[in-house]
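Each of the next two complexes has chain A plus one more chain, namely chain B in the first and chain C in the second.
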Partner chain A sequence: MRRLILWGVALCLLALAPLFLRSYTLYILSLAGVYVIATLGLNLLTGYAGQLSIGHAGFLAIGAYTSALLVARLGLPFWLSIPLAGLLTGLTGFILLVPALRLTAIYLAIATLGFGAAVAEILPRWTALTGGYQGMKVPKAVLFGLALDSDVKLYYLTLSIVIVMLLLARNIVDSKMGRAFIALRDQERAAQACGISLTRYKAYAFFISAFYTGIAGGLYSFVVGYISPGEFDLAKSLLIFMMMALGGMASLPGSVLGALFLSFLPHWLSGFRGLQQFIYGAALVLVVIFMPYGFWGFVRRWTMPDKLERLPRPLRAVVEFVRG
Partner chain B sequence: MALLEVEELTMRFGGVKALDGLSFAVEEGQIVGLIGPNGAGKTTVFNLISRFYDPVGGRIRFRGEDLLRLKPHQVLERGIARTFQNLGLFPYMTVLENLLVGRHIHYKAGPWALALGLGRREERAFRAEAEGLLDRLGLGPLKGAVVAFLPYGTRKFIELARALMTRPKLLLLDEPVAGMNATETQMMGEFIKRVRDEYGLTVLLVEHDMSLVMGICERVIALNFGRKIAEGAPEEVQRDPAVIEAYLGEEVRVA
Partner chain C sequence: MKGRFFRFVLFGLFALALAGLSIAQEETPGVTADTIKLGSFIAQSGPVAPIGIPVVHGAQTWYNFINDQWGGIYGRKIEFIALDDGFNPANTVAVVKKLVEEEKVFAIVNPLGTITYQAVFDYLREQGVPVVSPHGNAVFMCQPTVHTAFSIQPNNIAFGRTLAQYAVLRLMAKKIGIAYVQDAFGTELNYYVSDELQKRGVTPVATVSYPGTETSFSSYVLQLQQAGAEAVILLGYLADAAAILREAETLGYKPKWLGTNTITPVLYQLAGEAAEGLIAEGFATDPSTPYHPEAYLFTMLLNRYFPGEVPSGYSEIAYIGAQMVTDALVQAGPDLTREKFIAALETFKDWEHGLTPPISFSPEDHCGIEALWLFELRGGGAAFLEEWDWTQH
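Now for the complex of A and B:
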């Protein structure tokens, strides 16, 4: 009951935010919402199912270009283009399933890195489709005749998609699928002995993760209004990874907090000219040292200390991945 | 026809012959013990039945079906559940969640239904069932506890409970009382017998603790260097010269 009230209050605050926030802040919030969805996707794959990926910018790019091209070239309505971008990107997720069935830990990470790099190389060269290095302008989103042309409208669009994606993720995590992900992450053999097919559940994890990131990409193109290949580089993959690790691995609220924090941090630091990178780096190090369970673990230390152990420490988790 | 038939099973790891033409059968309803010194190949038998390895030669049949044609995750569907020597629990899950993983293959809801939150009723039913099982084990209050922080003996019971949640026909227990004290060992022995009777199970267990093996097993198969050296009623096997030599020989080497 208390949780319901808490969520209700949070939802009201978010719904009323446009009344007291600047248009620019709303834009940053929308962008943060995009990253919340991508981080949820990565967390389901890496935090829950234990499949390390540092190539998610590739999925973000595929989602962004798919939705933009579907609207610009085929004239599809924008509300249809985002789920289609999610589905198509989800299917490309199966590309990574091939290495994931053979490799673990850091070796899988290298394969995902290769995937991200390949997408980043193909995009600018496929000029007929993508417009090359110059990128492409994305048509305005129009929802049943209503043009989503202001930051406020885009904010509400993003907010509603984020809420839907959060609810879906919650359902997945609380179901036998979420438990199967954790099972194959922590004890492959025991998971198999419990009847869990590693192939099937890794496939689900990659599809779902790529689907989420594709939705995020589709939304990204409409929020920003312009996409170019340079935005979907390794730095972006690492950004999504950091959002997940700082927020809390294997934690849905953590994904939200991590994505919000790293989306706003550069703007908070814009006053410190010349020192931005230094403070940014120092902030990350401090968070990792003093919040070993991520932001959500930090919050939960007060709210429910008895359940803290359920969140794997991000650093230890990474070390375990590296060791295999 | 026996429930489980192992014929001429041979397994090699590099140059080491872990199993050398091992044959035995497990009749339905029995509790059968697999004993032998360390390295005799007991756990290898379990891992072959679980399909974690492919044997070099031989056959494993369960209710007449060739097990070697199955993938590891399909073994449970046929009705074979197991526990692990070093515990196969999922440490970051709660006790209740671990038990629910045991029910994994019985869920009917597909992935899309799950994402839309449509599998709730099934989930509640299984949850109630798992809670009932925990209550019967006296572990009810621990259902929300994270497994990683529970004592070892308790975890052994939880792993067995998870195996029971799978509704198995054959239960493979790999050292169910390793590291337990005498009281816990006796409790576990009684529990294994009780579930065999109540659930109509067949149990094949690997164990070094002779008090458990002698206490609950109806038949014992002794292995050494991947071969069967004796088989029969527990008292017979215990008196068998080959078995005594296998064990004493090992102790002399250790000393």
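Now for the complex of A and C:
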């Protein structure tokens, strides 16, 4: 009950935010919402199913270009383009399934890195479709005749999609599938011995993760209004990874906190000319040292200390991945 | 009766609020009795910072000088707010919203970057915010003409066609090779160079392209050498040009090199003697030119406000852009509005402060410089060859 009230208050605050926030902050909040969805996608794959990926910018790019092209070239309505972008990106997620069934741990990470790099190389070369290095402008989103041309409208759109995706993620995690993911992450062989199909659940994990990131990409193109291949590089993959690791691995509220924090941090630091990189790095190091379970783990330490041990530590998790 | 009265009061209040709103809107954004707010998005962190920081300093130098020497323009001091977007378009959108909607700047001046400007171009046009002197060569910046957008820098059409024309018409080269960097800048330039060569009936013997992160250039140079190119057009940045020249020197390959406006005498520091004889194009006087009063004033002022800063092409162009902005502000008169500012810019005819070729605008044409200056690198410096107007050939 108390939890429900807490979430209700948070939701009310977010819904009323446009009344007292300016368009600049709303835009950054919308952008943060996009990253929340992408981070949820990565967390389902890496945090829950235990498959390390550092190529998610590739999925984000595919989602962004798919939705933008569907609207700009084929004239599809915007509300249809985002789910389609998610589905198509989800299907490309199966590309990563091929190495994922043969490789584990750090070797899988290298394969995902290669995937991200390949997408970043293909996009600018496919000039006829993507407009090359110059990038492409994305038409304004129109929802049933209503042009989503202001930051307030885009904010409400992003907020509602984030809530839907969060609830969906919660259901996935609490379902049979979510428990299968966790079982495969913790003890692959034992899980298989209990009758969990490794191939099937890895396929689900990659599809769902790519689907989430594709939706995020589709939204990204409409929030920013312009996409270019240079934005979807290794740095963006690592950004999404950091959002997940800082927020808390295998934690849905953690994904929200991590994405919000790393979306706003560069803007808070914009006043410290020349010191930004230093403060940014120091903040990340401090978080990893003093909040080993991520932000959500830090919150949990006060609210329910007995459950703490169940959360995987970001660093320990990475080390375990590396060991295989 | 009571209800009608209430409605009447409500209507009155509403009308008052509307009137208040319309008065507030008539005020020119960013202009008060004693300040004019100018905004900009310039990367000051990340890989583009070595270009962005000189740009900020160059523009700030001239605005400081105007404020200190004349107390601003018609008693209004210039406040120059250059926000850092890290050269990331999604961030550019954020900082431009902040500049336009929170800071309420009068105009965007001296912004840096092609993809960053591209991301906010439509937004700034819709908001009616004037943009003056963006740093970039992309064609969209002034073609087609947008009422509020003015460029000083020549665009890639001018840079590309000039290089191709010069190689064919002046150097009489028959076998021409092209090396371009794979990004927005290199691909657009290559398009216009190749197009111009084709018009002149010349097919490049070799066209090589390399990623911006490339460090080893031997295979590209070998390709150019084997194709027997007597003139090679370099469409990249200073560091890649230096690497290509050094590689060619080791291979004993000596074509005539041509480069675009990214090439400056700094090339000597990176490539040594291999830089000798390279022909580059540009549109501003080298700030180290001796016996040049305007170049001297620029160097002196830059050192006054930013001691120890070495004058470069980047800070100089920002400084020239700032001069154009203040000249237009003076011409727009004491009752400043955005429309008057734009009208003032459109009357500029053969405008120059001694550092660039003359610049003219008209309501139909917002592209500044068309004619380029060609230089040859000689003895550690740049020797002026001739002025070249590609539209005349």
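Operating definition for what follows: the second predicted complex is superposed on the first by the 324 of 324 C-alpha atoms of A that agree within 3 Å, B and C clash if a C-alpha of one lies under 4 Å from a C-alpha of the other, contacts with A are read in each partner's own complex, and residues count from 1 in each chain.
Going forward, a contact is a pair of C-beta atoms (placed from the backbone, for glycine too) under 8 Å apart; a residue touches a chain by one contact, two chains touch by 3 or more.
Keep in mind that what you see is a predicted model, and the values were worked out from it rather than measured.
After superposition on chain A, the partners chain B and chain C are accommodated together without colliding.
With chain A as the common frame, chain A serves as the apex of an angle whose CA-centre rays point to chain B and chain C; its value is 150 degrees, to a multiple of 10. In the superposed model, A:226 makes contact with chain C only, not with chain B. Contact with chain C, but none with chain B, is seen for A:28 once the two complexes are overlaid on the shared chain. After overlaying the two complexes on the shared chain, residue contacts for A:195 are found with chain B alone; chain C is out of touch. When the two structures are aligned on the shared chain, A:186 is found in touch with chain B, with no touch to chain C.
Once the two complexes are overlaid on the shared chain, A:107 sits clear of chain B and of chain C alike.
Between chain B and chain C, the shortest distance over C-alpha atoms in the superposed arrangement works out to 31 Å. Residues 22-24, 27-28, 31, 124, 132-135, 137, 151, 220, 224-228, 230-231, 266-267, 270, 273-274, 276-277 of chain A are the ones that touch chain C when the two sit in their complex.
On the side of chain B, the complex with chain A involves touching residues 50, 52, 71-77, 81-82, 84, 88-94, 97, 100-105, 107, 109, 111, 114-117, 119, 123, 146, 148-149, 162, 166.
Residues 167-168, 171-172, 174-177, 179-180, 182-183, 186-187, 189-198, 204, 208, 250, 307, 309-312 of chain A are the ones that touch chain B when the two sit in their complex.
Those residues of chain C lying in contact with chain A across their complex are 44-45, 83-84, 86, 88-91, 93-95, 97-98, 101-102, 114-115, 118-119, 122-123, 138, 182-184, 186-188.
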